[in-house]
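In what comes next, subunit A is part of two complexes: it sits with subunit B in the first one and with subunit C in the second one.
Our next item is the complex of A and B:
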């Protein structure tokens, strides 16, 4: 077992411990005056949303590296990142409306942050559809989608500052009061550890799957 | 041979094929007008169009018929088995992309020139209110849509189920362009028009065009090498 193989389980164990402790850490934060208990969605929603934007960028960078150099590992990273973008997107798009219902009175509003997040989720879902149904050579096609999708991520991030929106702006996070910032940092670290572990495992799985497929092909040829 | 002269040769080839057969312009135009008619039945109840319907219908018709044209443009190359020849031609690969894009843009422009009056007629849209701004939005929006479309239509030529996958990939990526097009056009057509905001949509579209064309050129040159 190499060091890389041991890293993922170690990260998973630490992340699991942190997630178990998360409710207690979040409980130390004071109640927000207008939102009450619902405000606590924030501690999961924000780390997931930030990770979604970062992982879409990772997918774009890995896709560009794959298109230029055709290194398989770049393709595995891009695929893992695209899958995680979709998963994180589901979490963000489910926790967001819970907040919105309480704060704005509606589950969904067609405003720039929500719309751009939904578009990005759609783009990376199309990436996965392409991988699933595109047949041979779909890696390159999907890589192009990954690059274009990553270009959208700055828009998702800055949309709240560029247009007047219902969604809180990016300045909320750095100006959080201390007792609220602690749980955000705690949950963010837990999600990042889980995220890195999942990426490592997914890349290893994809690489093993490709090796196995190649072995099958060789066996059939003989 | 320079990038643009190579592109012009490819575009001229496509013009010639199209002028002789007139297949794509007839079919896409007929499809676009049928689309608008179907929408007119839904969104013009008792002779009065729903507010803001015109802009939405116009852009949906452009996106749908554009997809049809995109699929056909590369299907022609596939059937004639000429795509390999295009890639092997002694011109830059980016020229092939640009040539295809120019030919498609010309086709879509002809279609739009005929489609816009139909929208004006059926949805009572005030086309003469800001004709240059409207033309600007249509041109930039079409470039944004077609630049992404040409790249993916070219890449999908050899893929399985390409007819389904082209819209699956194309629509999510071009939604920002369509949204800006619909918003800008809607602001021109509105009962209380706001041309300054429509101008903002136009500058955003220009920005998206630049990003999409540059990215598509880079990707095309790297992907089409085998």
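Our next item is the complex of A and C:
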């Protein structure tokens, strides 16, 4: 068992503990003045959304490296990041409407942040479909899709500042009052630990799959 | 052929989900800013105070935990299965003369 293989379960255990303790940590934060209790979705929704945007960027960078250098590790990282973007996107696109229904009175609004997030999620879902069903050589085409998806991430992030939207702007996080900052930091650390563990595990899976394919080829050649 | 059918099913699922969300959003989208209307006593009575926040927070936290748990477990199972197959194949290759 390599150090990387030992690190992932350890990170997962710490992250799981932090997630279980999170509601108690969040409970120490005061209620937000206009939204009240429902604003507590923020403590899970925002770190998750930030990681989704960062993961999509990681996929784009790894895809570019793969296109230029054809390094298999870059392809493994790109695929892992794309899968994680879709998973985190599911959470963002489900927790967001729950918050919106109470705060805005609607489940969904076609405003820039929500729409661009949905489009980005669809692009990365296309990446995964392409990898799953595209056949031989699809990794190059998927890498191009990964770059397109990553190009969307700055638009998703700054959409709330560029256009007038219902969604809170990016200034919310840096100007957060002290008692609310602690729980956000707690949840962010939990998400980052989980994120690192999952990326390590996903890369390990892809590496094992490649070994398996090579072993089959060796067996057929003999 | 089987792979193609699965792919078509996947694409159809995504298209259907997107169409359903468009239809849902069309039903629930806020009215455009064409004009203002004074709130009546009934409007105020039917305000958001009647919508308790607890279920929304409960569902949001539940979704986060559930999605992450399902994903990590599925990842773990996929790794275990692939590594078992690799080990079996390696053993087969070593046994061959």
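Here is the rule we go by: the second predicted complex is superposed on the first by the 222 of 222 C-alpha atoms of A that agree within 3 Å, B and C clash if a C-alpha of one lies under 4 Å from a C-alpha of the other, contacts with A are read in each partner's own complex, and residues count from 1 in each chain.
Here, contacts are C-beta pairs under 8 Å (C-beta built on N, C-alpha and C of every residue); 3 or more make two chains touch, one makes a residue touch a chain.
These numbers were taken from a predicted model, which means no experiment stands behind them.
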Exercise for the section: Examine A:99 and indicate which partner it touches, taking first as subunit B and second as subunit C; both and neither are also allowed. Expected result: second
Practice task
Applying the touch criterion given at the start, work out whether A:153 contacts subunit B, subunit C, both or neither, answering first, second, both or neither.
Solution key: neither
Practice task
Determine, under the contact definition given at the top, whether A:140 touches first (subunit B), second (subunit C), both, or neither.
Solution key: first
Exercise for the section: Could you look at A:188 and tell me whether it touches subunit B, subunit C, both or neither (first, second, both, neither)? Expected result: neither
Problem - First (subunit B), second (subunit C), both or neither touched by A:117 - result: neither
Practice task
Go through the superposed model and pick first if A:56 touches only subunit B, second if only subunit C, both, or neither.
Solution key: neither
Exercise for the section: Mind working out whether A:215 is in touch with subunit B, subunit C, both or neither, as first, second, both or neither? Expected result: second
Exercise for the section: Would you sort A:129 into first (subunit B), second (subunit C), both or neither based on which partner it touches? Expected result: both
Problem - Between subunit B and subunit C, more extensive residue contact with subunit A - result: C
Handout entry: Contact residues of subunit A, present in both the subunit B and the subunit C interface
Key = 122, 125, 129, 133
Completion exercise
In the complex, the residues of subunit A that touch subunit B are 67-68, 115-116, 119, 122-123, 125-126, 129-130, 133-135, 137-138, 140-141, 143-145, 147-149, 151-152, 155
Exercise for the section: Name, in rising order, each residue of subunit C that touches subunit A in their complex. Expected result: 3-4, 6-7, 10-11, 14, 18, 21, 24-25, 28-30, 48, 51, 53-54, 56-57, 59-61, 63-65, 67-68, 71-72, 75-76, 78-79, 82-83, 85-86, 89-90, 92-93, 96
Exercise for the section: Spell out the part of subunit A that touches subunit C in their complex, as residue ranges. Expected result: 12, 19, 23, 36-38, 40-41, 44-45, 48, 87, 90-91, 94-95, 98-99, 101-102, 104-110, 118, 122, 125, 129, 132-133, 194, 198, 201-202, 204-205, 208-209, 211-212, 215-216, 218-219, 222
Problem - Sites on subunit B touched by subunit A in the complex - result: 148, 151-152, 155-156, 158-161, 164-165, 168-169, 171-173, 175-176, 179, 211-212, 215, 219, 222-223
